[in-house]
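Letters A, B and C mark the chains in the order given here, with residues in each chain numbered from 1 onward.
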Amino acid sequence: MTHPLLKVSNLAKSFGTMTALRDISFEVAAGEVVCIIGPSGCGKSTLLRCINYLTFPDGGFVEVDGTHIGREPGRDGKVRMQSHKRIDQLRPMMGFVFQQFNLWPHMTVLENIARGPIKVQRRPREEVERQARALLARFGLAGKEDAYPSALSGGQKQRVAIARALAMEPRLMLFDEPTSALDPEIVKEVLLFLRELADSGMTMVIVTHEIGFARHVADRVIFLDGGLVAEQGPARQVLGDPQNPRLREFLAQIHEVAAPADLSTPSH
Amino acid sequence: MTLDFSVILDNWPLFAAGLWMTLVVALLSIAAGFLLAIPVAIMALSHRRWLRAIAGAYVEWFRNIPFIVVLYIFFYGLPFMGLRLPEPVVGGIALAFYASTYFSEVIRGAVLAVPKGQLEAARAVGMSYFMGMREVVAPQTLRLLLPPSTNTAISMIKETSVLSTITVAEITYQGLVVQGATFAPFEVFLTTAALYWLITSAFAHGMHRVERAAGAAQGSQQARHSLADKYLQLGMRRSK
Amino acid sequence: MDFDLLAFGDAFPRLLPAALTNLTIALGAMLLALIGGTVLTVLRTTGIGLLTGAIGVLISFIRGTPILVQIFLFYYGLPALGLDLTPIQAGVLAIALNSSIFITEIMRGGLAGMDPGPVEAAIALGVRARTIWTRVILPQLYIRILPPLVNELTTIVKGTALLSVITVVEVLRTAQQIANTTFRPLEALLAAAIVLFALNLAISQLGRRIETRFAARRG
């Protein structure tokens, strides 16, 4: 029997009286790239943070490759919450790349990448550092091992953040607004980079507000509205022939704003 | 009138002994107070409301009453609980508890000044809360801790003078002894004040140097790397 | 030995009136310190090298030495210079001098964060320095630094307990007197701690209320 690599069922989350996620269910197959789009405040980032339990959801289930993280149904049918220790162990199955990257400023680039595997997985430093150097070389950052994050450009910081997540050898990657903290000129570069990562077979879930980005990178697009999945399907279909009126409205607004910006994009 | 500082010269061994006592008590109680402040700060930063409430009540209580009252409560309270200790020890314990409330606020402030995303990034790679605090947050608080800790430590050095009221033979106590014997209060208490001024100034000066060294180390680190990039970006690998 | 709840409760009727002494001394010292702090602040802006240098040394001395020793300097030292003071007078003056130094430092911080626009406008209009201070700067400055001033008042209240050492009969000395007759020092002292705690809590709560009122007025 085949199961999806990531299965999210009936996820719900409220902050006080504000409901961020009402009832979210979707699946992601191995190797797939899924973009989550939606108006700001629709709960995109909350959804991503609930998937890896950085924020604890109020209800629903998250399964990675058949393993529940956080809330799980017992044999007796009762739902129970795993221990914090267990959740901490399972969390790195999903690599998380933050909007602001959140690199650790007091550690070198190499140490940013190596600290997790050494401390959490207790792997030997030598092996971890070899892996980290290989990742940096692959990402065009050879020679930056001993630099501090403050000396890197935005795009370089993002690649270090991705390398830090990959060093834990996750089953899939979660990206929170990967282009929003970067200068517009390098958005294209990031897009190509993520495309490359996808082509290497990595499963990715990307929260974004850039429709052009979703169009180019995603296999599938999920449109979130009012804490619910309002529409989902192949990227071309969802973005080219939207059915949901709210999605149509959303795309129309985005196009108005995005068009002039596209023209100003340098051609090199 | 004329000031006659010969009474100071005649009694310098008493002042020297007092200076030594002040230094020892201040140093030990400040160190103990800082250590005691760490669990208080951890409680104050906890997600559990009742832990925060306990830490908050502890801090509010000590911060709103004079140290002299705290000292007397320890002085009479410890024997009440069956603990008979020498006065300098009682005074040191009282000061350590008093200082811990101020230091815990300093620590809490420094931890809160580290962006939330730093700990989240640690959690994302699978670190537990405490491992993330140790590996990622704590090292970043050190530079933030120094200036307010220096101020708090100086306040506590000054508070040691109150220990004279329970006959701990520190500087102020010796001042009172010499004043009683010589009736030269102005000279005596100016000298007493000068000794504290010396200690607090020297301490502040030393800590500023530490601060500068900590700041400069980080600054030069960054500068070195940006300068170094020019040379190291040409395909040469720096061996480690 | 058990904690004597009766002795503890009986202490309050004598301690509460004594707290009025602490409050009166604190308010008197605060008023003097506000005047002293303001004068020092204005003098520091004169740019007269000798004067600012002397004020700098005074600030360093007061901040670098314990308030208890400053109290002793006033209480034992000034009579030796021919100035006879009651314990309360000596205590109020010592606390006021100490506090005016901390207030001038608070004012320095407040001045640094003020909008230079109105002051520049006043200078451009040729307004006299005195008027600039009294009409433009100080009214804004006092409102701005209200929170640290309230905090300073609670520090002063804590300082008043030290006057028990120079025989001022305030809360702490009253507690000691009670203990002398009941032989229950711990009970009396805990009651004194609660009274002083309540006094400071009331001051900071009142300060917070005034603060929000001013914040609302400022928009």
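We take it that a residue touches a chain if its C-beta (ideal position, glycine included) is under 8 Å from a C-beta of that chain, and two chains touch if they have at least 3 such contacts.
Computed from a predicted structure; not experimentally measured.
**Q** Any chains in contact with both chain A and chain C?
**A** A chain counts here if it touches both chain A and chain C, which gives B.
**Q** Quick check for the class: compute each chain's Cα centroid; which one is farthest from the centroid of chain A?
**A** If we average the C-alpha coordinates per chain, C ends up farthest from chain A.
**Q** Distance from the CA centroid of chain A to that of chain C, rounded to the nearest Å?
**A** Centre-to-centre distance between chain A and chain C: 56 Å.
**Q** Where the CA atoms of chain A average out and where those of chain B average out, how many Å apart are those spots?
**A** About 44 Å, centre to centre.
**Q** Quick one: chain B and chain C, Cα centre-to-centre, how many Å?
**A** The answer is 23 Å.
**Q** Two or more other chains touching the same residue: where does that happen in chain A?
**A** As it turns out, chain A has no residue touching two or more other chains.
**Q** What residues of chain B sit close enough to touch chain C in their complex?
**A** 1, 60-61, 64-70, 72-73, 76-77, 80, 154, 158-162, 164-165, 172, 175-176, 179, 183-186, 188-190, 192-193, 196-197, 200-201, 204
**Q** Going by the contact rule set out above, which residues of chain B touch chain A in the complex?
**A** Residues of chain B touching chain A: 115, 117-118, 120-129, 131, 135-136, 139-140, 221-222, 225-226, 229, 232-233, 235-238, 240.
**Q** Touching residues of chain A toward chain B in the complex: what are they?
**A** Within the complex, chain A contacts chain B at residues 52, 54, 84-85, 88-89, 91-92, 95-96, 98, 100, 102-106, 115-116, 119-121, 142-143, 145-148, 150-151, 164-165, 167-168.
**Q** Would you mind writing out the residues of chain C in touch with chain B in their complex?
**A** Touching chain B from chain C are residues 1, 60-61, 63-70, 72-73, 76-77, 79-82, 154, 157-162, 164-165, 172, 185-186, 189-190, 192-193, 196-197, 200-201, 204.
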